[in-house]
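Two complexes come next, and they have one chain in common, chain A, joined by chain B in the first and chain C in the second.
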Partner chain A sequence: MALAMHDGSRRMVGNRVLLTLLIAAVAGAALLPFANLSPNRLVSGQPVMLWQALSAWQLGGLTLIGLALLLAALSQPLGGRASSRLALIATLPLLALDFYALGDYAHRALVDASPAARVSQGATFWILLFVCALIAIDALQRLRLGLARRALYGLAALAIVIACFAGELLAPLSIMREFANQRDNFLDQLVRHLLLVAGALVPALVVGLPLGLLARRRERLRNGLFSVLNVFQTLPSIAVFGLLIAPLAALGKALPWLGDLGIGGIGAAPAIIALVLYSLLPIVRNTYSGLAGVPGATLEAARGMGMTPRQILWRVEIPLALPVILSGLRIVTVQAIGLTVVAALIGAGGFGAFIFQGLGQYAIDLVLLGAVPTIVLAVVADFALRLLVALSRPADAR
Partner chain B sequence: MNGTIPGVPRLRAAAAGNLRLGALIVLLVALTLGMAQLEPLFRALFPDLGNPLYRRDSFLNLMLAHIGLVLVSSLISVVVGVAAGLFVTRPAGREFEPMVSSLAAIGQTFPPAAVLAIAVPLAGFGFAPTIIALTLYGLLPVIQNTIAGLGTVPATTLEAARGNGMSASQILMRVELPLAMQVIIAGVRISVIINIGTATIGSTVGAKSLGTPLIAGLVGNNLAYVIQGALLVGLLAIVTDLLFERLERHYAFGD
Partner chain C sequence: MIELKGLTKTYAGKRVVDDISLTLESGEFGVLIGPSGCGKSTTLKMINRLVPLSGGRIVLNGDDVTDLPAEQLRRRIGYAIQSTGLFPHWTVAQNIATVPQLLKWPKSRIDDRVDELMAMFHLDPVEFRHQYPHRLSGGQAQRVGVARALAADPEVLLMDEPFGAVDPLTREVLQAEMKRVHQQTGKTIVFVTHDMDEALQLATRIALLNHGRLVQYDRPIEMMVTPADDFVREFIGQADLGLKLLSRRWVHQYQRAPSLEHHATLPGLDHCWQLDDAGRPIALEGARLDDDSERTEVKPEWTATPEMSMKEALSRMVWYRVMVLPVIDDQGRLIGEVGMQGIMGIQAANGMPAS
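On to the complex of A and B.
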């Protein structure tokens, strides 16, 4: 580490990661369109490059931000921490400008276009957004800020994004018009998506946690149990959904009261059953390894204090295993959010419904209306559960 | 790991494993080539269906197309992923390691189906978006496990290799890569299994695969098509996973 720092002070470029990101952003902006302008929602439009889409002051602002980032990448005249601080702060106006310029261009371009004309975001918009996130990740890793300051930065970035979406700024964009058309439907599918995930996670936890405990208490069962559960993880989700349809349809027909409960060949029932099967392995495996990670000496001490096996389980083993068990919950939550997309193919609904409906109609914006929120949902769930895992660790181990 | 199991039962378990894998491979080949022979069975199971056997393409063609999709994308993923993992663990690229690691971790939270859908506006419909999505997604576990695998090589071992006068490239080829191989292969296994699944959904963006009869069956309400596609792709995934399990064990040290 000391060597690297010494080396860094002699090099002209203090932060090669940042420089690489800058070069990638400039190359992307030079070659790929910032937006697309098309006569209607189904045809692909003509590309609009960054310098065509942005007004003079926006281009000037972007250049200034670029220069600030370039300065942050050099080792002189700023030092390491000051550079990273500058880079981190520069991501905020970059984020705001990326959204603002796109919305502003859409407003200007559509003033005297036909009502059917659409403006959609191009590759350069995504690249700038992505580069922004990567610069922030790099700067945050270098600065090693405390939780409070990281949260402050996160809130500032979130406030910018919310402000962009709250007003009329992005309303003329094609994807937002798609959203406006589907507003009620969108909320329904969001709720449906979340209900499917929750409907799978609750039974998976109810079955998986005791199974993990059983695997720990009866080590001989472990290998067999793990390899059976691993088979489900291996099978492609759509195959499991498909294979469950026929038996469930037969069951629904044979026992009409089940059919009345909504259990039939297609819809939520096969989706939830398949999601539970997928979720079991990570939960069982992490419960097992969390419990197995409790030191023998700790258990010995608990027994020596006269604790009953039940007390040891609840007051010693489970609290110590909790971070690992919660990591398992994080894995299955993110996985279930993704698999629920595929469940739309068997009529279970959720955001996947927009994706596959859009693919069927060649309506790219409808596809994105399903895909982008799913990704956001998965990333947010991952982040929130990582936070929970960190909080579940004893204070001195965080 | 299984140190408590004495030798003979362990050999017996290995023989049973071989038999199971062999039987599954025979079943996979037989079903791929002979699905048409099962038409009477599907007719009996689904008497209401006018056409209980998928005929728009042979199952052999679909199987080869599916394997082709996964093979092409996985080859690119492995070459690029291992190269990236090597770069960020060498002195020249170490600065990029935290960034690449967190990118690989965050990227894997993206749902594969959503990545596939997002590839469509970039590459249109058909073979290309599927290959792009499979390659990008397949990269992440390979990078992650290459970094992790190389990280498990003890510093003292590297020290000893240097002390023996080995050059940096000799250390890489003869010490680091062999020791990291099991973990790297575990990463390739995860990537290939995910890609077999995602290639199935690839038929919704117009790439031919074993998902084609499956999706056609779901759309056209023909459960026989669904079962034919699902059985073959499920078997393909299980056989591939078992083969990788074997490969991983081959590179295990000290077991």
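On to the complex of A and C.
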């Protein structure tokens, strides 16, 4: 460590990742539009570059943030930790400014325009957002902050985003006007999306956890079980949805009471069945490896102390396997949130409905109205489950 | 009291433990020893039924162990193993409290017991109570493992090569502590090892196993003096048999009254101790090999205590080139002396074979 820092002090650049991201952001801002202004929602508009869209103080602020990040990327005068801390803190005003400048521009641009005119975000807006996220991830990794501080940073970023959406700031944006048009529908689809994910995860856990335990207890069953589950994993999701239509439609017709419950070739039933099948392998595999990772000596001691098999399972095996099991749940949750989008194709609903509707109408902002919340859901779920994984480790191993 | 009666274990037609019968009285420290694969660990694990019996019986204080539910039996028997098997997600205190928890002791009683055991094993409660096992050194982890095994005051303590994985220095300290704990608690202990020096140091009874059969079951000294056959003789090792024997003898058995004036005519007594006002030895006249008549200051490095093994006393004589060591009590007062001649004298009196 000391050697690396000594070596680093002779180089000009202390953090190459950060410098690369900065260069990418500057290049993107120079070449790609920050926003688009179009006469109505369907035609593509004219590009508006960053320096055209931002007011003087906003440009000044952005320059200051850029200089701070450049300072953080250099090896002098700040040290390694101080640089990373500066970079991490600078992401928060960058995030706020990115949103604020876009909303502010939309307000100004639409004052004299026709009611049908639209402002939408351009490539540079997204680039700044992604660069912001990548800088934060890089800085968080370098700083190795404790659980509480990581959570605090995540909440601060989340608060900024929520504050931007809460007021009227972003209301004139095209995507927000699509949202306003679809407001009731949006909430419905959000709930539907979440219900589909939960509807898949609960049965997957109910089946997967015991299967993982079974694989651990009967090692002979393990290989067969894993190969069967592997087959599901390799099938393309659209194909599975398609394959399920015929048998489920037949089942719904043959047994009308099942049909009354909503089981048919299209809709939620095939979607949930497919999602459960995809979720099983990660859950079973992680449950198995979590349990298999419990040291043999620990189990021998537990038996030797006089614990019953049930006590060994609940007091020793499950607590020790929990971080690995929850990692499996994290993978499956993020995967299910994404796959549920495709399920809209067979009429299951969810955010995918906006995406396919938007694709059909060639209304890009409607597509984004489905895509962006899906990404946000996935990121939030990932973050929350990572916290859970960390919490499930012994207190001083976090 | 533990009785093994015709104990047998068969794996795939092979008898790994073959018709072993022996009785270990309450309060004894029994050591099962033998080359690897001799069945010593299997025998131990049949006592708490981690390994099911194929034949024979084990009677623990009058109860056949197969009459009890396995879990209930195991809560009556302490168990410590080489890799400690501490629960990594529990603190030291929680680990020690494992069996009392299973037995549903009230919390205050568990807390008191944990404190008592931590004191017995010299683990500072402030530092270690809430520590997790991966922060402990090998020696500390092993102490916690033994403390956990003793937590519910079991009738018997089983130990499966508990000090096999720690460094030699720590092992010696742990052996000394184990000996002290055995004397303090009077527990019946069954201890598995492959290290003869460890067995001689700790055991009151040694059972030597080979190919699943009991070769000899005896007190340590008898095993050395009257080995049952060539295997026993070979396993004990003949090269330093004299030293091994001395490791089982104690200074208080050899000590004689200190010489406080010169007796130039008597061989072996041509030396004398000078004491201070409190009766502590300060100097030795004579009996040093390099300066026969000069006065030598007594150093703590070459004093002996009554509980010291004669092997250690001899080692000090050789290293510091003195024919005689002062034996002191815990206040440092001279209570006797032990010398080279004394060692030979008692050996001869016991009728030791010359070869």
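By definition in this document, the second predicted complex is superposed on the first by the 398 of 398 C-alpha atoms of A that agree within 3 Å, B and C clash if a C-alpha of one lies under 4 Å from a C-alpha of the other, contacts with A are read in each partner's own complex, and residues count from 1 in each chain.
We adopt the following convention: a residue touches a chain if its C-beta (ideal position, glycine included) is under 8 Å from a C-beta of that chain, and two chains touch if they have at least 3 such contacts.
All values reported here derive from a predicted model rather than from experimental measurement.
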Tell me the contact category for A:109 with respect to chain B and chain C: first, second, both or neither. neither
Figure out whether A:316 sits in contact with chain B (first) or chain C (second), or with both, or with neither. second
Comparing chain B and chain C in the superposed model, the one touching more of chain A is B
Applying the document's definition of touch, where does A:238 land relative to chain B and chain C: first, second, both, or neither? first
With the two complexes superposed on chain A, say which partner A:308 touches: chain B (first), chain C (second), both, or neither. second
For A:246, decide between first (touching chain B), second (touching chain C), both and neither. first
Touching A:394, do we find chain B (first), chain C (second), both, or neither? second
Is A:297 touching anything from chain B or chain C once the two structures are fitted on A? First, second, both or neither. second
Could you pull out which residues of chain A sit against chain B in one structure and against chain C in the other? none
Chain C-facing residues of chain A, complex: 295, 297-308, 311, 316, 319-320, 394-397
Under the touch definition given earlier, write down the residues of chain B that touch chain A in their complex. 94-96, 98-99, 102-103, 106, 109-114, 117-118, 120-122, 125, 193, 196-197, 200-201, 204-205, 211, 214-215, 217-218, 223, 226-227, 229-231, 233-234, 237-238, 241
Sort out for me which residues of chain C touch chain A in the complex. 48, 50, 70-75, 79, 81-89, 98-99, 102, 132, 134-135, 145, 148, 158
Give every residue of chain A touching chain B within the complex, in rising order. 4, 15-17, 20, 123, 134, 137-138, 141, 230-231, 233-240, 242-243, 245-246, 249, 265, 334, 337-339, 341-342, 345-346, 352, 355-356, 358-359, 362, 364, 367-368, 370-372, 374-375, 378-379, 381-382
